[in-house]
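After this come two complexes, each holding subunit A, first together with subunit B and then together with subunit C.
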Partner chain A sequence: MSTAALMKYEDALAKYDPVLGLEVHVELNTRTKMFCGCINEFGGEPNTHTCPVCLGLPGSLPVVNEKAVESAIRIGLALNCKIAEWCRFARKNYFYPDVPKNYQISQYDEPIAYDGHVDVEVDGQTYRIEIERAHMEEDAGKSLHIGGATGRIQGADHSAMDYNRAGTPLIEIVTKPIEGTGDKAPQVARAYVAMLRDLVKALDVSDARMEQGSVRCDANVSLRPIGREEYGLRTETKNVNSLRSIERALTYEITRQAALLDAGEKVHQETRHFHELDGSTSSGRSKEQAEDYRYFPEPDLVPVAPSREWVEQLRTTLPEPPAQRRKRLLADWGFSDLEMRDVVSAGAVDLIEETVAAGAPAQAARKWWMGELSRKANDAGVELESVGMTPAQVAELQGLVDGKTINDKLARQVIEHVLAGQGGPAEVVEARGLAVVSDDGALSEAVDAAIAANPDVADKIRDGKLAAAGALIGAVMKQMRGQADAGRVRELILEKLG
Partner chain B sequence: MIRSTAADLAAKIAAQEVSAVEVTQAHLDRIAAVDPAVHAFLHVDGERALAQAAAVDARITAGEQVGPLAGVPLALKDVLTYSGAPTTCGSKFLQGWVPPYDATVTKRLLDAGIVILGKTNMDEFAMGSSTENSAYGPTHNPWDLDRIPGGSGGGSSASLAAFEAPLAIGTDTGGSIRQPAAVTGTVGVKPTYGGTSRYGLVALASSLDQPGPCARTVLDAALLHEVIAGYDPYDSTSIDAPVPAVVEAARSGDVSGMKIGVVTEFSGEGYAPGVEQRFREAVGQLEKLGAEIVEVSCPSFTYAMPAYYLILPSEASSNLAKFDSMRYGMRVGDNGSASAEEVMAATREAGFGAEVKRRIMIGTYALSSGYYDAYYGQAQKVRTLIINDFNKAYEQVDVLVSPTTPTTAFKLGEKIDDPLAMYLNDLCTIPSNLAGNASASFPVGLAPEDGLPVGLQVIAPPLADDRLYRVGAALERALTSDWGGSLLSTIPELEAAR
Partner chain C sequence: MALSREEVAALGRLARIELSTEELEHLAPQLDQILEHVARVSEVAAADIQPTSHPLPLSNVFRADEVRECLTAEQALSGAPAVEDGRFRVPRILGESA
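Our next item is the complex of A and B:
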């Protein structure tokens, strides 16, 4: 897809210092939209969640959703921002069919929250990210380009508009330039967005589903020769919608820009599109021809002036900061840093915490969520939490394993049935007769049969070559169709031949 | 019957001396007879009007209590949505557009049992002072059919003067209620900004627009004011405060001890002698009735016009952006290969008249990056100075008065090619919109030189709308007693005027 020259990443970072800037859009999970009473819900038949206001019909007027302001303030506080005592909405004017009024109601020079900071950790090192601002705005509708091969506007026969998303409350969080991350830049960006995703989820202000676009990142990066103060020209890669993609897109941009600079060429200040398929980016609209948005204060709305009492009251509703919580859980659970990082990336922190709370050991909880269940979620293309098994069920499953009712192999079968909607783990075991046979009578007969069928192996064990027991255990397990406690089988074999 | 006041008609309907259906039919007949000459209406909805009237009659027959204007017909300016009837705003662009929802003002009218006869003519998107900018041809002044009825709400005021309706609704952005009232010898009130809801008013300039009552008598205007005013949660700029006691004030008309300031800036060069004469005589009447008259200077008013012609086009350029042919209204150039942007541009070129384009261009320019501070920003500062002038004046006086317009009705076609001359019509009315306070125009006689109506403007502090009615009622009582009847009783018969 891309023919751009790239420099080897290590070489690029040996010569150039990347500077990042991240703009993250978070869709709020308020019941209604930002400026009208329409239901705020992902999907739905096209143009069913609409009204005169979010369709921008002549004469209609916006009214601010107070819950969205509350969410914005809580996000601001959680990012250690100052909260404006008085701020206004502004109109961002531009013509595009998915913007029903041909202006977006946003905030311009008076954001609700500003001057904050958060820390993220990568490979044991802490990076401070300065937050420039967090502001409120409305989302646009969606264009569906029909008739082309790619679903993009190029080559399409016609386009259809779905305004269900128009007016969805968004918070845009903008960082100050992030310097000093060196070769960790892509990982720091990833860790920051993962932290934001966890934060808005913990605040319960967003569904935080990157695959549904409820957290979207525009990633800016520029390079400067190591030792130089002045920033280079930057590119902005739009709508990077997964953590992995953020890392890939920035890695690509760094190697692409480095190759340009190294060849004595200039980086074009422009927006770029990311391609999931090969991890490349391609040129979008050039910033030099960027539109003049003609921002001015939105005259249809009155200023937002949150009282200090309200702000302080909201401060008391903040959850434990993600970094602090992660440290606490790391200590409680005894995971390695690498294990914890994977758990965080997979969005499994809450799930494991709930599974542990339901009685499972932490390592066992991690094993199920990061192993079998992650694979299943991946196959089904859903987020882990939507895989179809609850933390309580996972804890129940582990309880059955610990109580030796089932073994690991059977547990995997139980998961299949639970995911198929056939009930909880205990129910499935009961209904399917999946429990291990621990009745010594039945096992003893099977062991005797295995000894009789394998006299040479039996002799080896009698001679003290205990390792040979494995072959007999295998035979017994086969006969019992896996529903036996392998430990008990081994004990019986050794008793009989010992 | 058609010459009765709304208050009398309502009383007779309530007492079952006449039915609402008969009253409505009489007005529909009058419209059929004279509107071909006057052209006050763009759309007459006789069938629904008669059904609404019949519903009122049924309620009265059933012994139900009805509102003080129930059964009285009304003419609605075509800038307010009325579901099921076209709303064109006097523009080709919206020809045939039928809104799916009622403006709050419309809803309140219907809830009060007021019968909506139809939609009245106006300058396109309320831009103009003569109705000559209507895409559907101008309205003619019933006093002299060769003359303008004022604008933008010329249709509403002309319908009153032609006895086609006893009540009308206008909207006032820089004088669009008061200037037509002045040149047609009728009453027009621009309530305090936020006093009446803008929900469903197709916006010209959001920070200036305000719907208001139009009538032939002060009491009728007050009764209508009370029906449409009051807090509306669908309009964020609506004021959550009790409606001023306008009906009580209109019934009282007591101005003794009231301090009335004459604005010195609104006289002299450019003012017709007959206008100044009738204005001074009216002020003399008020003094005779016990008011204290003082001269008040408001030096910043000189800058109101230029400030207004930056703020209004700026807001309008953004408000009118939604007219892009994508969702409703006219569409031009959609030949299957043109881009959305090309279709938008072609439609806006074809759908908007010259004055609309002029203001969109001025506004787009004034908001542009690099010009914002010099134009829009500066105009907002002037706005603050004007508010300060008003506040200083209100320390001395209860209300301010001036001529409503510098001249009487001019001839159709006389100023249409000279936008600046046209803009000067609103010289005296604009400051009140910029400050957001209450103002009104009341008839004070005919100019001796041309025999055409002259209006006196009263301006009161925000939420003191009742003072307008107090002054208006005092003048009405004194002058009609001098004249031996209302001013409109002297209007030439339309058949003769033709």
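Our next item is the complex of A and C:
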């Protein structure tokens, strides 16, 4: 998809210092849209969640959703921002059919929250991310491009618009330039977006589902020769919609820009599109002329002036800050720092917490989520939480293992069936007859058969070489199709040959 | 302070309003006059005077987060010049060169 020259990542970072800027859009989970009472719900038949306000029909007037303002303030507070005493909405004017009014209601120079910071951790090192602002706005509708290749806007004959999403409350969170992350830049960006996702979920202000676009990231990056102060020209890769893609897109841009600079060429200041297939980016709109959106204060809305009492009351509703929570869970769960770090970067903290709450030991919960289930999620290319097994089901599975109904090997088979949608672990065990055999009669027969089939091994065990028992246990397990209680099999072998 | 005809033409382009040369000649001085007038108001408004943002002396006009009935797709699309599969059909967005 791309023919751009790339520099090796290590070489690029040896010469250039990346500077990041991240814009994250969070869709709020309010019941209704930002400025009208239409239901705020993902999907739906096209144009069934609209009204004259979100369709931009003449004579309709917006009214601000109080809950959305509350969510904006809580996000601002959680990001250690100042909350404006007085701020306004503004019209951002542009002509594109996904905004039916020909302007988006946003905030311009008076964001509701500003000057914050958060810390993220990558490989044991803490990076402080300064937050420039968090402002309120409305989402656009969805366009279907028809007649071009693979639904792209380029080459399309015409487009078809669904305005169900138009007017969905959005909070845009913008960082100050992030400097000094060196070769960790893509990982820091990923960790920051993961942290934001977890934060808005903990605040319960968003569904925080990246695969449905409820958290989206525009990633800006520029390079400057190491040691130089002034920033280079930047590119903005739009709508990067998974944590993995953020890391890939930035890695790609760094190696592409480095190759350009090294060849004495200029980086074009432009927006770029990310391609999931090969991890490349391609040129979009040129930003050489600064865009002129003719912002002006929204005349249809009066200012928002949150009282300090309200702000302080909302401050008391904030969840435990992520770093503090991690420390508490680390102590509760008894994980090593390394184990905890992996759990955090895999986005498995909530899943393990819920699994433990459902009754599983922490180490067992970690083993399933970070092992088998992470592999399955990776193979399927989905986030861990969407893998198809709930924390309650994982706890149920571990309960079956602890109760010796199944062993680890059978548990992995059970996972396959649960992921295939065949019911919960107990149901699957029941329906498939996957329970471990620990009935001595059946096991004893199998052990006798294994001894008879492997006389050399049996002799070794008789001579005291107990390590050889493994071969016989393997033979029994094979015969019992993995459904034998391995501990009991070992005991029987030693009894018979001891 | 004078607003040039080029600037007015650029504003027209941004607003998708086609302006003939005659209209530019006519409108540019008028817009310029309005700006001059506003500038004079700012001269007398001292720092103790808050910028007027809205004719209504109100703030925090909010709506409770309660769902209201939506239009049906048929109603929503009833004024659309063209419809395709329950969606508003719109002309090609990018020009040939894009």
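Heads up, the rule we're going with is that the second predicted complex is superposed on the first by the 449 of 498 C-alpha atoms of A that agree within 3 Å, B and C clash if a C-alpha of one lies under 4 Å from a C-alpha of the other, contacts with A are read in each partner's own complex, and residues count from 1 in each chain.
Just so we're on the same page, contacts are C-beta pairs under 8 Å (C-beta built on N, C-alpha and C of every residue); 3 or more make two chains touch, one makes a residue touch a chain.
Computed from a prediction, not measured in an experiment: that's the story for all the values here.
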Check whether A:225 is in contact with subunit B, with subunit C, with both or with neither, and answer first, second, both or neither.
-> neither
Is A:303 touching the first partner subunit B, the second partner subunit C, both, or neither of them?
-> second
Between subunit B (first) and subunit C (second), which, if any, makes contact with A:159: first, second, both or neither?
-> both
Name the contact category of A:50: first (subunit B only), second (subunit C only), both, or neither.
-> second
Regarding the shared-chain residue A:65, is it in contact with subunit B (first), subunit C (second), both, or neither?
-> second
In this superposed model, does subunit C or subunit B come into contact with more residues of subunit A?
-> C
After lining up the shared chain so the two structures overlap, which partner does A:39 touch, if you call subunit B first and subunit C second: first, second, both or neither?
-> second
If you stack the two complexes on chain A, which partner ends up touching A:91: first (subunit B), second (subunit C), both, or neither?
-> first
Now for A:31: first (subunit B), second (subunit C), both, or neither, which partner does it touch?
-> second
Return first, second, both or neither, reflecting whether A:359 touches subunit B, subunit C, both chains, or no partner chain.
-> neither
Hey, what residues of subunit A end up touching subunit B and subunit C alike?
-> 52, 55, 57, 63-64, 93, 95, 97, 159, 161, 292, 294, 299, 301-302
For subunit A, which residues are in contact with subunit C within the complex?
-> 30-32, 36-39, 45-52, 55, 57, 63-69, 86, 88, 93, 95-97, 143-146, 153-154, 156-163, 292, 294, 297, 299, 301-306
In their shared complex, subunit A is touched by residues of subunit B numbered 80-81, 87, 89, 94, 97, 99-101, 103, 198-203, 205-207, 233-237, 314-315, 317-318, 321-324, 326-328, 340-341, 344, 364, 367-369, 372, 376
Please give the residue numbers of subunit A that touch subunit B in the complex, ascending.
-> 52, 55-64, 91, 93, 95, 97, 100-103, 159, 161, 292, 294-296, 299-302
List of subunit C residues in touch with subunit A within their complex = 11, 14-16, 53-54, 56, 58-68, 70-73, 76-77, 79, 84-94, 98
